[in-house]
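What follows are several structures.
Next come two complexes built around chain A: one with chain B, the other with chain C.
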Partner chain A sequence: MKNYLIIFFLVSISVSPQTTSFDFYSPENIKKFADHLFCEADYLRAIEQYGLISKDCTTDFKVMLGYSLLNLYQESNEIFKSISEKSKFYSDAYLLSLKNSLLMKPASVSAQAIKSFDSIQLNSFNKLKTISMLFDDELSISKDKFISPFDENDINTVSLFYDMKTKPLYKSPALAGVMSAVIPGSGKMYVGEWGDGITAFLATGLLAFLAYDNFRADHTTRAWIFTGLGTFFYAGNIYGSIASAQIFNAKINFEFNEGLKLFLEQKNYFLPEYDFCK
Partner chain B sequence: MTSVSKIFFILFFILNVSYRTLAQNSFEHQFNFANELYAKGKYFDAVTELKRLLFFDVTGKFSYEANKIIGLSYKQGAKFSDAIHYFSLAELNADSEEEVYEARIEAIKINILRRTTERTLALLDELRNDERYSDKSDELNYWTGWAYIFSDKWEKASISFSAIVPGHGLALLCDSLADDLYNPTLAKTLSLIPGAGQFYTGEYISGLISIGWNVLWGYLTINAFMEDRIFDGLVIGTLLWWRFYSGNIQNAEKFAVEKNLEKTNNALQYLKNNYDGEKP
Partner chain C sequence: MQSKLLIFLLSVLFISSAFCQIEKLKWQKADILYEKQNHYNKRNYSFESDNAGEFVTKSLANAYWFFISDVDGDNCPFHPTCSAFLIQSIKETNIFQASLIFLDRFTRDMNLVKSQNQYPRVRTGYFYDPPGNYMLVKERIIYLPPVFIVESE
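Right after this comes the complex of A and B.
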């Protein structure tokens, strides 16, 4: 019995320190905690925790994805450089790097498809590459070819973006200027600024009349003041009409780009969903 | 029970107790470590360590305190939505009515800081109508006063503080500021006489300039009408005199609003730096 007690005692002593004190910072627990943080969308802390343990292809990709979700695209693409082509996440990382690049600098994707893409990834790549052409100044692709990678749900929207890009509803700054030179305010009305157009027409007309009326009544000084003011209004209205047309066109471009970005965000840039939290 | 069995039982008991104590110590140590980080102002790290504790602590022993300190850490980083989220979790994990109350008050303070006054007042009313907290009316009035301070309603704030005790220090400050503030409507009304609104807000030079412009354009307008130059009179009157007259009214209102903003910001700054009582 004595021997039994001694064995029991020794075993207990040797085992208890390992089993009783919880090690929060063992690599296994750090990884569990990092995964938990990642699933809670606390990406910054998750990345910090992944940095404390030895890396593998999954953690590398999760760090890359985390940076991207934190809008730190440059950092995300830096991680991509360290991901091996042999990694099982290389194709996903490749797609994600294209998305990051597009978010950093909207421009058409010049990269090529890679062999390791599966059919879903290839489909995503084709959609992303095609839609990114809309960020270029000009589109040199037929509509049928442009919309071909997209499925039924997106085809109408993509088709609309194509039309808006190829036939933008621009206003001609030169025409606006000429119109305002002929009839003051008409250039503004052409751009759609009816209130400003009518005001410019009335103000220029009023000043012209005042100048004429004062010349007729021999109030020369006052007449020249109104002539100067009228000329200023007239010239300003021509300049304003040209500027309005340019602003109108810039607004069209801005709204197009913002609409496109919103659409891409809604579609997650056609990237497959990564669910590490199931 | 034989003596050997007794010894066996005692040893088993000691080992069992030490197992539980050591395990508990690990978590308590982690909690204390996170608290130290919070006390040192390392809020990001404090949140990380508390989240780590909460993730591994299946007993839920630290849930209330840890969630509350996470909320306070987020508050320090001005991440108010996150702070509210964790105060709500603290409330859900509270073990007593007092803890529920504390978690709710912390959430109320966040709402005060982000000036969601209606929400703040609704939360305060909820507590006020809760019989469990009938003895907390002074504290609830106190935070109601602060909610009004942050929503720029100094007279209402004064009423709330006075409900705690007549002549409350904060009530006196609120009254003093309320008296000191300009009335933008009065400034506008006084400006019906050009320059008067500016004089009311202490902007004497601006007031004199306003008088000058209005006298000049008024004279030219009236002069044109008197000389039967009706069209000139109408043009000068509408395009110039009226423009300057209405501008003078808007200007006076703008001065009143700007000066009030400056005064209230100074008051908030004063409270932040010099008031020793509890602040949101």
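Right after this comes the complex of A and C.
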């Protein structure tokens, strides 16, 4: 029994809480904890912890960056408004706000460069501003001028994007319609929908043949029914070819924009990497 | 000896209660539904229409649904189905344009070798093909890649 009492005593000691005079909630320790969470990519909790202590230019920018990394671009740009122009991170925050705006609404950047940019930041700004022009409907800049801010690694890709924007591989809806009017289904084939095109050709051709054959055999009622059906299918195919060309062009635009976003994502929107965790 | 036995029994009881199963549903029988879920909205068999043309078409569609489609089964590979597509097209355009849109859809439905890379799909596997893309209005076209799964309209 004595042994059990000893074990009970030892267990009681081990489960009793640790009590120390360590102040977990001092501003320094909260900041250390917030920094740790930020470096662990636990941005939401890090932002919460930063909110508990008095702000400085570094924590403000880290909160802004954290929101941006959480894809909360609106919140990130709200923090930017509170960052003073005298802050040492103002230029970085300015660039980050442009990235956030671009991610919220892809459109050309109309903002101007600021005086506090250093050469690297100015280079990033010029690249971002230039590449954002690709999101506009029209591109009114020469190719040489367009590719000038980019270095050798990116120049081929940027040049390709420029060509795709200025000479998109669109299909003409009018031509698709005319082609289907001449040869039913050929407009669909023109936009790459071969199966639909062949089906339209066979359906219209079959109805036309049935109409012709019935007229030839003096079955005028049946002949007119087939003529009507054939005409409907013929007209529907012309309409469908125009619509298909428009959808094809929408696909080209979609793929262009997605490709551009992917490229910008890979390049981190030409922004420098911020490493607060070294 | 008795005290040891008592402590042993208490320990066993304590351990069994501490690690008991707390998920009530874990080992229960699951009712699995083997029926294929209906991919389209519940059909509206009403004759409500804004104009005479829509009334005629709605009547024809109701008759088709009641006498043919409901009996024949769920065979249209598209969402919305061709008949629902026609009714939606009429609501959004006019009888003439809607007929052209429908005939194009019908031709695409007849295509036996529909490309898997042509349409996105809804969760139940049907091709998602809304009439809004065929109004010949560029701004209304919502292109979705074929890999996209449409959760809801």
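Convention: the second predicted complex is superposed on the first by the 255 of 278 C-alpha atoms of A that agree within 3 Å, B and C clash if a C-alpha of one lies under 4 Å from a C-alpha of the other, contacts with A are read in each partner's own complex, and residues count from 1 in each chain.
To be clear about the criterion, a residue touches a chain if its C-beta (ideal position, glycine included) is under 8 Å from a C-beta of that chain, and two chains touch if they have at least 3 such contacts.
Because the structure is a prediction, the values reported are computed rather than measured.
J.: With the two complexes superposed on chain A, say which partner A:211 touches: chain B (first), chain C (second), both, or neither.
T.: A:211 sits against neither chain B nor chain C.
J.: In the superposed arrangement, which partner chain does A:199 touch: chain B (first), chain C (second), both, or neither?
T.: In the superposed model, A:199 contacts chain C only, not chain B.
J.: Considering only touches as defined above, state whether A:251 meets chain B (first), chain C (second), both or neither.
T.: In the superposition, A:251 touches chain C alone.
J.: Classify the contacts of A:24 with the two partner chains as first (chain B alone), second (chain C alone), both, or neither.
T.: first
J.: Kindly classify A:96 by the partners it touches after superposition: chain B alone (first), chain C alone (second), both, or neither?
T.: neither
J.: For A:64, using the defined touch cut-off, is the partner it touches chain B, chain C, both, or neither? Pick first, second, both or neither.
T.: neither
J.: Please work out whether A:242 is in contact with chain B alone, chain C alone, both, or neither, and reply first, second, both or neither.
T.: Once the two structures are laid over each other on A, A:242 reaches chain C alone.
J.: List the residues of chain A that touch chain B in one complex and chain C in the other.
T.: Looking at chain A, the two contact sets intersect at 1.
J.: Enumerate the contact residues on chain A facing chain C in the complex.
T.: Residues of chain A touching chain C: 1, 4, 193, 195-196, 198-200, 203, 232-233, 235-237, 239-240, 242-243, 246-247, 249-251, 253-254.
J.: Which bits of chain C are touching chain A when the two form their complex?
T.: Residues 3, 7, 97, 99-108, 110-115, 118, 133-134, 136, 138, 141-143, 145.
J.: For chain A, which residues are in contact with chain B within the complex?
T.: 1, 5, 8-9, 12, 16-17, 19-24, 29, 32-33, 36-37, 42, 45, 48-49, 206, 210, 213
J.: Spell out the residues on chain B that touch chain A in their complex, using ranges where they run on.
T.: Residue list for chain B touching chain A: 4, 7-8, 11, 15, 18-23, 25-27, 30, 47-48, 51-53, 55-56, 231, 235.
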